[in-house]
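The two complexes that follow have chain A in common; it is paired with chain B in the first and with chain C in the second.
Entry: the complex of A and B
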């Protein structure tokens, strides 16, 4: 039920995350979380993407640990001068459910897409062209700069460099960063020259996208319908 | 007949020292000129001077019968010249192959459908139509080089400037590249260390050393030849 069309996916992702952010009760938030989990399982992302969730869940765990002690209410557990409240716990659970729902929705809808392909979809959605161009070019060259950084690090390690806390280490890292900047600048200059040689005059090509199919629209309607239902349930 | 490109007594300096000194050359239609010389002799600078990426301190650059000194004059001539860079990643900046090949035609006034049609046609002519929807940074070195060439050919240039075109290209894609260049009916200047490639393609050669050009001769002579081979054991 996830639309194949990237424009609809992007719009659906924004609407679903916005809807999740507006939930105010634990019940509907838990229902949304369950649905988001099903959606993520259906999208079948690879293991690396699930692992990326840990960054979000670390933040959520921190919330669950601290928020109960920060919100006043009926005491649940006392640790010396600190007491955890029931209200705090339920607030933390609500937040955790909402944050996780949003992360799962993004994982399901956008996690499996090659990021650079989103450029054409963003352009088709009438985002300002310079922003889209910046996005696309950043993605295109981030990988190359990352590779360069990795090769430089390996060359340093091959000459027995180990990071310590001393002047030599800081100076070496300074050189590494400086070298990356110089190379990136050089590359930017060459890319600009290549564009000029092919007659660049401000028109950047973005592939024309085929119109979404009926199947895409059905998936989109289903997703946004579920989000609306969750919101309605929350408000009743 | 008016030469396509010509340099007359061109001197290009980097700082105080000249990179090219008293360089003259003419390229006529259907010429395939090889420029051969050691690293740092000024080969790339020569190509860059021809398209106006370097400006000479003295001397004349004429492109298609027109003296060029300002950016505007060079800009007018550039769509007729295809420059293949040494590093393919510098040239492939669009997300997908088709978008990149359509970039040039779009700049010369084609509509998006026209540009994409021309892109697909060029890719098919090079035998790489199957790459059209691929993401450019996930291609192999040889595929990247061919896509770069497609991006230039889609602009239907009259002259190709090739800077080390066979560097980092595998055998299968190398064969496609040779076939495409052998079939190109315009003029070209090629800079390469690959002597077999130069001898196969070029009709004329110039030697460059310390920023100066001299005429050279291409000839083939038989060699008694032996070299080691590596084969997997059955």
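Entry: the complex of A and C
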């Protein structure tokens, strides 16, 4: 059901999340959540990916906790001067369903994609070429610079550095980031020289991607059809 | 705390954010020299790595945004750096969202770019380390507070029921602003001593 073609998968992910974020009623949102859960199960992500769902931002949790009290309506539960309304509770449930649906869709459609393959797909989708080049290069150097950061942190630990809430910690982290930036600039100069030496003309060659198969189109049509149906159900 | 996930904001806010972000990115792409892309990319990777450091604040900890520093070092290129960083966060960690990419890019990058424009020239020109550190701290603190203000505004504009959370949210940005001020001042001081050219957007 999930298209194997990365271009269609990206477009489907954007459309599905867009549709989920615009649902306004609890029923359709719950249906969308159930479908998204099925989709995520079908994609068979490993356990590390499921763990991503636990990353709920602090303010979203706060939003879910305060909404029952902030929306006026029939009181359900009174805590001193505060009263939770039924309407507020259903707003909070709607919000939780939508946020989870969107996270599940991303997990199912893009969770297992290797980011470096996205460069070709983004290029094929006609994103501005410099932006795609920037994305691919950033991704390429992220691993290297992450390793460099880890070595510097290890060296700091070897000299008995412990992060605390004080000015010494902040100055040390400032020096760490400054050092990473200086090395990054050196690396950028070397990389640029090496690329020009090898005749880089300002464009990466991108292999043409194979056209999506009929199966890919069917999956794409099915997914976007379901999203459209959920949105239609919501508006009626 | 700066990444708003999918499914919370109202459509007009999402569209407004996307339009503003597209404008910022288009401006940055127009201004960037083709050869500066490599520098911007490797610096973006470094800012990304830097924002993964967790800095303890009392019993809790915060992650840096580094947007003020990006504004000083990259100018309008900070829009590109933030956008790429957010896409990577969504893909690698499932943080943030797709429909909110525009809003989040504007929330994080815009204060940094504006502060870099306003205070960057003096930070580069001054020979007094104290003034430089003070201005860099100001860039760090104000960029974080600007981001906090924009996130709160996005929530409050989306629904009146979000207003209580929006005001609580602003208070949670205060410790981050303090840490970001101290660290931005330290980074800028380090770069001014070691490699002053690094503080110029298109070196």
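Criterion: the second predicted complex is superposed on the first by the 229 of 236 C-alpha atoms of A that agree within 3 Å, B and C clash if a C-alpha of one lies under 4 Å from a C-alpha of the other, contacts with A are read in each partner's own complex, and residues count from 1 in each chain.
Definition applied: a contact is a pair of C-beta atoms (placed from the backbone, for glycine too) under 8 Å apart; a residue touches a chain by one contact, two chains touch by 3 or more.
Remember, it's a predicted structure, so these values are computed and weren't measured experimentally.
Because the two structures share chain A, they can be overlaid on it, and in that overlay chain B and chain C fit beside each other without clashing. By the touch criterion defined above, A:17 lies against chain C but remains apart from chain B after alignment on the C-alpha atoms of chain A. By the document's definition of touching, of the two partners only chain C reaches A:171; chain B does not. Of the two partner chains placed by superposition, only chain B is touched by A:207; chain C is not.
Draw one line from the C-alpha centre of chain A to that of chain B and another to that of chain C; the angle between them is 80°, to the nearest 10. Shared-chain residue A:120: touches chain B; no touch with chain C.
In the superposition on chain A, contact of A:191 is made with both chain B and chain C. When both complexes are overlaid on chain A, the residue A:137 reaches chain B and chain C alike. Counting the residues of chain A touched by each of chain B and chain C gives the higher count for C.
Once the two complexes are overlaid on the shared chain, A:76 sits clear of chain B and of chain C alike. Taking the two complexes aligned on chain A, the least Cα distance separating chain B from chain C is 10 Å. Comparing the two complexes, residues 137, 139-141, 144, 187, 191, 195 of chain A contact chain B in one case and chain C in the other. Every residue of chain A that touches chain B in the complex is listed here, in rising order: 114, 116-117, 119-120, 136-137, 139-141, 143-144, 187, 190-191, 193-201, 203-208. Residues 1, 3-9, 11, 14, 25, 29, 32, 34-35, 37-46, 48-50, 52-58, 66, 69, 73, 80, 83-85, 87-88, 90-95, 97-99, 151, 155, 161-165, 168-169, 172, 179, 182-187, 189-191, 194-195, 198, 203 of chain C touch chain A in their complex.
Partner chain C is touched in their complex by these residues of chain A: 13-14, 17-18, 20-22, 49, 52-53, 55, 57-60, 62-63, 66-67, 69-71, 88, 91, 95, 98-99, 101-103, 106-107, 110-111, 113, 115, 118, 128, 130-131, 133-135, 137-142, 144-146, 148-149, 163-165, 167, 169-171, 173-182, 184-185, 187-188, 191-192, 195, 202.
Those residues of chain B that touch chain A in the shared complex are 51, 53, 75, 78-79, 81, 83, 85, 87, 89-91, 93-96, 98-100, 102-104, 106-108, 112-113, 115-116, 135-137, 151-152, 155.
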